[in-house]
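The same subunit A turns up in both complexes below, where it pairs with subunit B and then with subunit C.
Up next, the complex of A and B:
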């Protein structure tokens, strides 16, 4: 189909072997142009064509034509909507306003088909039809609508679909959890239940900015950390156990004898040779706490750091313990004021039981400290670094224990330096305004 | 300080500010130093609901300003 704008540069993105977002946008643009379902579009029908056009222009100029941030939102909420505007509105009127909405995903992202259809129908009619399933924080992300549609979308979401907006700005962000016991035998606590309970408990913090900056909870049912809480959340709740790893010696022998496939057959696409328990499990244990004598597997559980490797390799033979709960870690973040940080252990073990009073007490004591002492745009991890972990222990009333050790840190992000960018950080405002309207 | 006096203080302080029209929550704590931070946060959010103030959000950070102040409204075609 011939679209409004020629897009030779971004067309190249469709030539690789991988799925292309350009093809996806073109498909939506074509669908909107044909409108075979006679949808009463509430924003320009050519929004996706203009989106392709502005993206092409950005590739041509090597810089963005979006302005982000703004005063837009729904009444009474200080989060959930991120204003976005195009700085070439005459050229691309369909994306003059192109606001993002964050929609609070259900725990573990379980949907019915009907629910998904309702979301998609709403977004086709009142937005661009383009979604991001899911954003980094876990939200359902609706990409691109106009200001007059915001309240209408919010009304339909809340009244017809029973759905709320998620968090953005200096708010509690949408809490997020792993699949938990619904699909996984490793879950040491019900992540969905606590994620849902705390989302309801802290509605005010989710919708009305209360903090110096963003704050994230994430709930992982076991140390495999499928929602990466240890790297991405100010408070990480990671499932663990206090007793011993359960061993089925007969099943261990079945793995060694080749009757059971290691890693539940996950890497079976290639012939790795016969399973070698010594090489693939015992020698890879980070604390060296395992022993195999040819007929019996032994684990010195006191030395186990819950790395999960042996359990992942031999899930039929090894299972997490039965006295389960979670560890609470604090302070993970991406680099903004300071470098990237992983969470640090604060509570080695706590039972996770409704109504979660002990956990709520801990959360609120941390918030009180951060709201009082945190600088503008300072994450909890940075405050802990600035004032010290000891201060955190003071405000939470916890005693220092040997488990509160730091992990080696590494920085997974790449930032450009001024000398690496042509022209540095300085720009000629008059030259800039030739191409970007105020 | 009663609520009406606190609101008046906030509005007067914001009206006097030159150059900047959007402020962090912590700036409001300084305007009412005798009040608890949580109480100021609640008051500022209430003032947004009463349409005396408005949020400005970059997506990652939220600031507050007098409703309609600054060039934001015009820039966003809201006026």
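Up next, the complex of A and C:
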């Protein structure tokens, strides 16, 4: 089909094996041109053709042609909509306004086709028909609509689909989680349930920006961290256990004997030689807490740090413990500004059980501190660095324990508090001088 | 195009308003076999690249076919996903954190027809619509940001760099022959909505020129104090400026040596654009991970300071990435992630083996963490 704009550069992204987003946008452009379903499009029918045109212009210039958005949104919310305008509206009127809506995805992104079709119907009629499945934080992202459509879309989402918007701006961002017990044997707690519960508990924080900057929760069911909570969330919930790894000795022997494929078959594409339990499991254990005597596997669980390696390698022989919960780490963020931060361990172990009161108390004590002390655009991790981990302990009421650090401090510059020193700091210089001449 | 009301009354926005209902409950969307066996899965196995079986305590099995997807996706494409899910999977499907799509069936005999159906569907230019893979010791889908399709501060395109990279690495998506999984991520400016800072390989867009100042408009278009406050390095201060016609206007001055090219000022103030054809391009980082397996999660390190934007397929960038993957695949031990390999052999050896040039840009000079990356020992390897 001949479209509005010639696109010789991006057309070159239509070959090769990997799916082509250019072909996909063209497909939508063609579908809108033909309009076989006879849809009364509420934004320009040629929106996708202009999107291809403006993208081609960027490929020509090596520069973006989008302006940042100004304030658009839906009534009563301060987040969920991101304004976007094209800097060549005369050339590409179909994308002159091209705002984004973030739709809060259901925990762990299982869908029925009925639900997805409803979203498609809505977005085809009232938007560009182009989405992100999904955005970086996890939302279903609707890419490109006009200002008058925002309230209409929100009305239909909430009334007809029973679905709310996600977060943007200085608020709680849409929480996300791994698929947990839905289809994973490693899950140490129900990530979906707590993700859903906290998302609903904190709707006000999610929709109405009142924080110094963004705040993210991510829920990983085990230390493999498939949703990258330790790197990408201000508060990371990582599944773990405090009893023993369950061992099926017969299955261990089956791995050793070559009847079971190590690492669930993950290395099947290359001949790595026969499985060697000593080399591949025992010697790679970071704490050296395992022993194989040729017929029995022993794990000194007291020394285990639950890195998951042995369980990943022999999933049919080893299972996570049964006294499960999560570790809570805080403060991760991408590099802006003071360099990237991982989350740091705050709570080594907590049970994850409804109604999650203890966890909510912890969250709220941290938020109170951050909202009081955080500077504009200061993430939690940066506040912890600026005011110190001790301050975090003060505000959360947690006791210092060695698990919180890799090692104790290597400088002695301890900021003693007055109440920690017998007699306090108020002293009488004249009394001192009785014994010490000037 | 006649306006169709949803029922919303702009005169009375609170009428029948529904707010703060959150997302739909996840359990509504579980296929029956998932719902029945929730939390009761015993083990899983990767049967072939992209195809997994999970076995529950009940003996039930669920077979999953994982296919790659562009995260940028049209409703026509989603409808096609739905058509496939209706045909083979009783109307259920899911998406992964890394933008893959998973089709699940509850018995083995349903796998082959689904697989054939998926692989038979191609786009007009011959690209797979639904490539099967992304499991085990291979490369899975690249998570990425918006780029030129939708963002105001990108230094490169996201979807295009990802398409070019995945085409070059396609065989690693559909096989499992690497020493461990290799996760690639892409962010189109240093603000990293995509948070690529802990990836085995990270593609990062980067500007190299400070913002220009549109003096004639800055005071009319911008809240100057907000632009000043937005600068993470305090490089912007208020200044008066004299226009060619002699008019004095309120503006800003940028201490260009302090600029880290983040574009936060441009976010606040459209009169401070920084995009530039020659200035903008790609940084490559490597060696990060998020898993706690064997050792702690790691940040990615900058291994190539700059590669120009070469539209539409970024050949220098993809060639460099492919070379890194090949050297890693040949040299690393089984289970060793990219960063674990580089640390074991030493980063000086990494540069020798990959042939990447080491320049002064790769030595950290940003604030306190820099010191901890210098070498405080006499131990090193000659290269």
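Note that the second predicted complex is superposed on the first by the 402 of 438 C-alpha atoms of A that agree within 3 Å, B and C clash if a C-alpha of one lies under 4 Å from a C-alpha of the other, contacts with A are read in each partner's own complex, and residues count from 1 in each chain.
Simple rule for what comes next: a contact is a pair of C-beta atoms (placed from the backbone, for glycine too) under 8 Å apart; a residue touches a chain by one contact, two chains touch by 3 or more.
It should be emphasised that the depicted structure is a prediction, and the values quoted were computed from it without experimental measurement.
Engineer: Is A:88 touching the first partner subunit B, the second partner subunit C, both, or neither of them?
Structural biologist: After superposing on A, A:88 lies clear of both subunit B and subunit C.
Engineer: Output check: A:324 vs subunit B and subunit C. Expected answer is one of first, second, both, neither. What do you get?
Structural biologist: neither
Engineer: For A:76, is the partner it touches subunit B (first), subunit C (second), both, or none of the two (neither)?
Structural biologist: A:76 contacts both subunit B and subunit C.
Engineer: So in the superposed three-chain picture, is A:179 touching just subunit B, just subunit C, both, or none of them (first/second/both/neither)?
Structural biologist: Once the two structures are laid over each other on A, A:179 reaches subunit C alone.
Engineer: Between subunit B (first) and subunit C (second), which does A:145 come into contact with in this model arrangement: first, second, both, or neither?
Structural biologist: Once the two structures are laid over each other on A, A:145 reaches no partner at all.
Engineer: On subunit A, which partner's contacts cover more residues, subunit B's or subunit C's?
Structural biologist: With both complexes superposed on chain A, more residues of subunit A are touched by C.
Engineer: According to the stated criteria, A:338 is in contact with first (subunit B), second (subunit C), both, or neither; which is it?
Structural biologist: So A:338 only meets subunit C here.
Engineer: State whether A:376 touches subunit B only (first), subunit C only (second), both chains, or neither.
Structural biologist: Both partners.
Engineer: Quick check for you: in the superposed arrangement, does A:214 touch first (subunit B), second (subunit C), both or neither?
Structural biologist: In the superposed model, A:214 contacts subunit B only, not subunit C.
Engineer: Go through the superposed model and pick first if A:396 touches only subunit B, second if only subunit C, both, or neither.
Structural biologist: Neither partner.
Engineer: Let me check the overlay on chain A: which residues of subunit A are in contact with subunit B and also with subunit C?
Structural biologist: 67-69, 75-76, 100, 376-377
Engineer: Within the complex, which stretch of subunit B touches subunit A?
Structural biologist: So the residues of subunit B in touch with subunit A come to 24-26, 37-38, 41, 45, 48-49, 54-62, 72-73, 75-78.
Engineer: Touching residues of subunit A toward subunit B in the complex: what are they?
Structural biologist: Where subunit A meets subunit B, its residues are 67-73, 75-76, 78-79, 81-83, 85, 96-97, 100, 147, 168-171, 208-214, 368, 371-372, 375-377, 438.
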